[in-house]
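These are the structures in question, set out in turn.
Below, subunit A partners subunit B and then partners subunit C, in two separate complexes.
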Partner chain A sequence: MRYLADVGTLAAKDLRLELRSRDTVPAMLLFVVATLVVFNFALPAGASAEAAYGLLWAALVFTAILGLTRAFAAEREQRVLEGLVLAPSDRSAIWLGKAIAVVAFLALAEVVALPAFALFFEPVSWELVAAVALATIGFAAVGTLLAAMAAASRARELLLPLLFLPLVIPIVVGGVGASIADDPGRYLGFLALYDLIFAILSWASFEYVVTE
Partner chain B sequence: MIAARGLGRSFGAKAVLRDLDLDVAERDLLLVTGPNGSGKSTLLALCAGLLAPTRGELEVSVERGRIGYLAHEPLLYRELTALENLDLYGRLYRVPERRERIGMFLERYGLWEERRERVGTFSRGMQQRLALCRTLLHEPDLLLLDEPYAGLDEEGAELLDGELRALTGTRTLLLATHDPGRVAPLASGRLALA
Partner chain C sequence: MGISLAFYWVPDAPIEGFRQRIFYIHVPIALTAYACFFWAAWKALRLLWTRDERYDLESYTAVHMGVIFGILTLVTGSIWARTSWGVWWTWSERQLVLFLVLFLFYSAYFMLRFSVEPGPRRARMSAVYALFGVVLIPVSFLAIRLAEGLIHPVVFDRDVGENLAGSQLLTFVICLAGTLALAGSLYLNELTGKRLDARLAELREALS
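Showing the complex of A and B:
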């Protein structure tokens, strides 16, 4: 119970920080809409639905990177992470609290992105919504761990995409598959399995990322 | 409480601490002095467990949550208020009677009136006062204080003098400073790093 209370405290802190500063979510919203508008003009007339779904997933991945780049900005500014790491709570609670906040920020971006996608490109199916929901968990699980690693580095803006993009290729494969396949269940199952495996790995390894 | 043998710490090719032997008993106050770059902050970060030694051994026989660490930076969120910052730490450090203790510290350090203001609007001295509240809130057994007087005005420095007098002999303290004169009478030992 204490663990969950710590997670709740840390997630609430991140949501409050974003409400105050409005540094991350507005930028993510603008970015995802702008990207879809650009893709709308970039895609040739008569292009396939498959191509449009592919572009949606590319937009979601880059929006996630934008959000994750700022995920530990407040902690980095005044080395607050050191204070959190010294607390007696399990250090994985820091990861879980931050990942919950990242899920919330991504979900807000997607609430805007999916209607915009429907407006410019193709209708949004329930399978696509389910795939995006599962992908959001995967992005947050892997991305929060990598964002913490990158935050300790001088070249953090470069490091995060370099580490994040290869690791989320399976999410893009699963997401695009679930969007266009006749049998999306198989791809949704794949995304759920990815979430499970990477959430456990990230949860278990976070302690080693924030300590030497 | 703290024992180091041949302790060393390097950052890349640069050795900041070399071959340090150290013993700090419970309820001692060790004054750590030395010029910039001599490794005072590194030693405190090693004792806090935030850095790992690159050579030698270091044993700190106190649980992680029983350490109070005052760093150069206040370790506070600029976008949160003074009250919200202390409440966050109070929850994570499981401070009993959290609200009462937070109120007591804010009053003691002259920040009660500003408790609902964001830390980002505070002066350096006010941030240092709040950082001291954060450090002491959970009544730590081991206090690691890195330049605790930095940024404090005379009134704040006198408050800290009184706090240190009260803590001496009841807690273990490592205090790193450029200006040892103020604390020297309380110290049970002194480590001069070169």
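Showing the complex of A and C:
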């Protein structure tokens, strides 16, 4: 029970910080809408609906990168991470708390992005919403771990996209599949599988990444 | 090493069309690359388990070998695609796509390694990343299989039969053994070199 309390405290801290400083989420919102507008010009006339869905997923991936780059920024700047690691709680609670906060930020961005997409391009089905929800969990799970790695490196903002993109290719496949295929259920199942595997893996290995 | 190379070239006796022979080079190289990545992940796991530093170097060298063989896979695969189907690249060839994804992933491994200060933390991060890599292999494979229905229709059909007749099987096995031996000797070679470097650095520091 202590564990969940720790997770809750950490997640609440991130959410409260964001509420007060309001630097990450507005940027993500603006970014995703701007990207969708750019895609209007990137898609040639008479492009298929499928291409539009594909670009939606590209926009979501890059918005996730944007959010994740900021994920450990505060901890790094204030050197809080060492303090958190020294605290007598399970290190993986840091991961879980942070991942929950990232899911919240991404969800806010998606709440704006999906209606914008429906307005600009193609209708949004319930399967797409489910896929986006599952993908968000995947992005947060893997991204939080990688953001912690990148935070410890010299090349921070450069490193995170490099590490992140190969790992989330399966999410993009699952998401696009759920958007355009005839039986989205298969792709949703795959997304759930990905989330399960990588969430467990990230949860278990976070401790090794963050301790000295 | 010379012996493994000799084995490598000897079985290139023409059995069916000349082009098909690249199969004997391409597939063993691909399998060896996978073997390297799994070996790296195993060493990574040992590192995290025992916190023994020497596994870090072993894991890193294995990833290096895997990437080299991965590049070779992509190149030989491209050549094969060019001769069989007339294109240098095709998204409908699962192995190539999978390798491209893995190649990206493990190239990022080197980016990670070189942007973090050497030490136990870097060793642990590299180990975790290597583990993610091997988990990514089956997940990516599944993803690519799922994606095939979405992106390009499978236009090209494989002209290599799934069944390997006796003499072909023998050739294949010899080539595979040879390639693995090659990888193994390169691995040991590089590992020894790196260990010597590390030892030299230690001695220098002790003397200064």
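Basically, the second predicted complex is superposed on the first by the 212 of 212 C-alpha atoms of A that agree within 3 Å, B and C clash if a C-alpha of one lies under 4 Å from a C-alpha of the other, contacts with A are read in each partner's own complex, and residues count from 1 in each chain.
Going forward, contacts are C-beta pairs under 8 Å (C-beta built on N, C-alpha and C of every residue); 3 or more make two chains touch, one makes a residue touch a chain.
Because the structure is predicted, anything quoted here is derived from the model rather than measured.
Visitor: Evaluate whether subunit B and subunit C can sit on subunit A together after superposition, giving fit or clash.
Guide: Verdict on subunit A: subunit B and subunit C fit.
Visitor: Thinking of the overlay built on chain A, is A:A152 touched by subunit B (first), by subunit C (second), by both, or by neither?
Guide: second
Visitor: Touching A:S205, do we find subunit B (first), subunit C (second), both, or neither?
Guide: second
Visitor: Let me test your reading of the model: by the given contact rule, A:L163 touches which partner, first (subunit B), second (subunit C), both or neither?
Guide: In the superposition, A:L163 touches subunit C alone.
Visitor: So if I put the vertex at the Cα centre of subunit A, how wide is the angle out to the Cα centres of subunit B and subunit C? Nearest 10 degrees is fine.
Guide: Once the two structures are overlaid, it is 90 degrees.
Visitor: Touch check for A:T9: first (subunit B), second (subunit C), both, or neither?
Guide: first
Visitor: Which chain makes contact with more of the residues of subunit A, subunit B or else subunit C?
Guide: C
Visitor: Is A:R186 in contact with subunit B, with subunit C, with both, or with neither (first, second, both, neither)?
Guide: Touch partner of A:R186: subunit C, not subunit B.
Visitor: What is the contact status of A:G175 with respect to subunit B (first) and subunit C (second): first, second, both, or neither?
Guide: So A:G175 meets neither subunit B nor subunit C here.
Visitor: Between subunit B and subunit C, what is the tightest CA to CA spacing in Å in the combined model?
Guide: The answer is 5 Å, the least C-alpha separation in the overlay.
Visitor: Give me the intersection of subunit A's contacts with subunit B and its contacts with subunit C, in residue numbers.
Guide: 211-212
Visitor: For the complex, which residues does subunit A have touching subunit C?
Guide: Subunit A residues touching subunit C: 50, 145, 149, 152-155, 158-159, 162-163, 165-167, 169-170, 173-174, 176-177, 180-181, 186-187, 190, 193-194, 197-198, 201, 205, 208-209, 211-212.
Visitor: Which stretch or stretches of subunit C touch subunit A in the complex?
Guide: Touching subunit A from subunit C are residues 48, 101-102, 104-105, 108, 111-112, 115-117, 120-121, 124-125, 127-129, 131-132, 135-136, 139-140, 142-144, 146-147, 149-150.
Visitor: Across the complex, what residues on subunit B touch subunit A?
Guide: 48-52, 63-67, 69, 71, 73-80, 84, 88-89, 91-94, 118, 134
Visitor: Which residues of subunit A touch subunit B in their complex?
Guide: Those in contact with subunit B are residues 2, 5-6, 9-10, 13, 16-17, 20-21, 74, 77-80, 82-89, 211-212.
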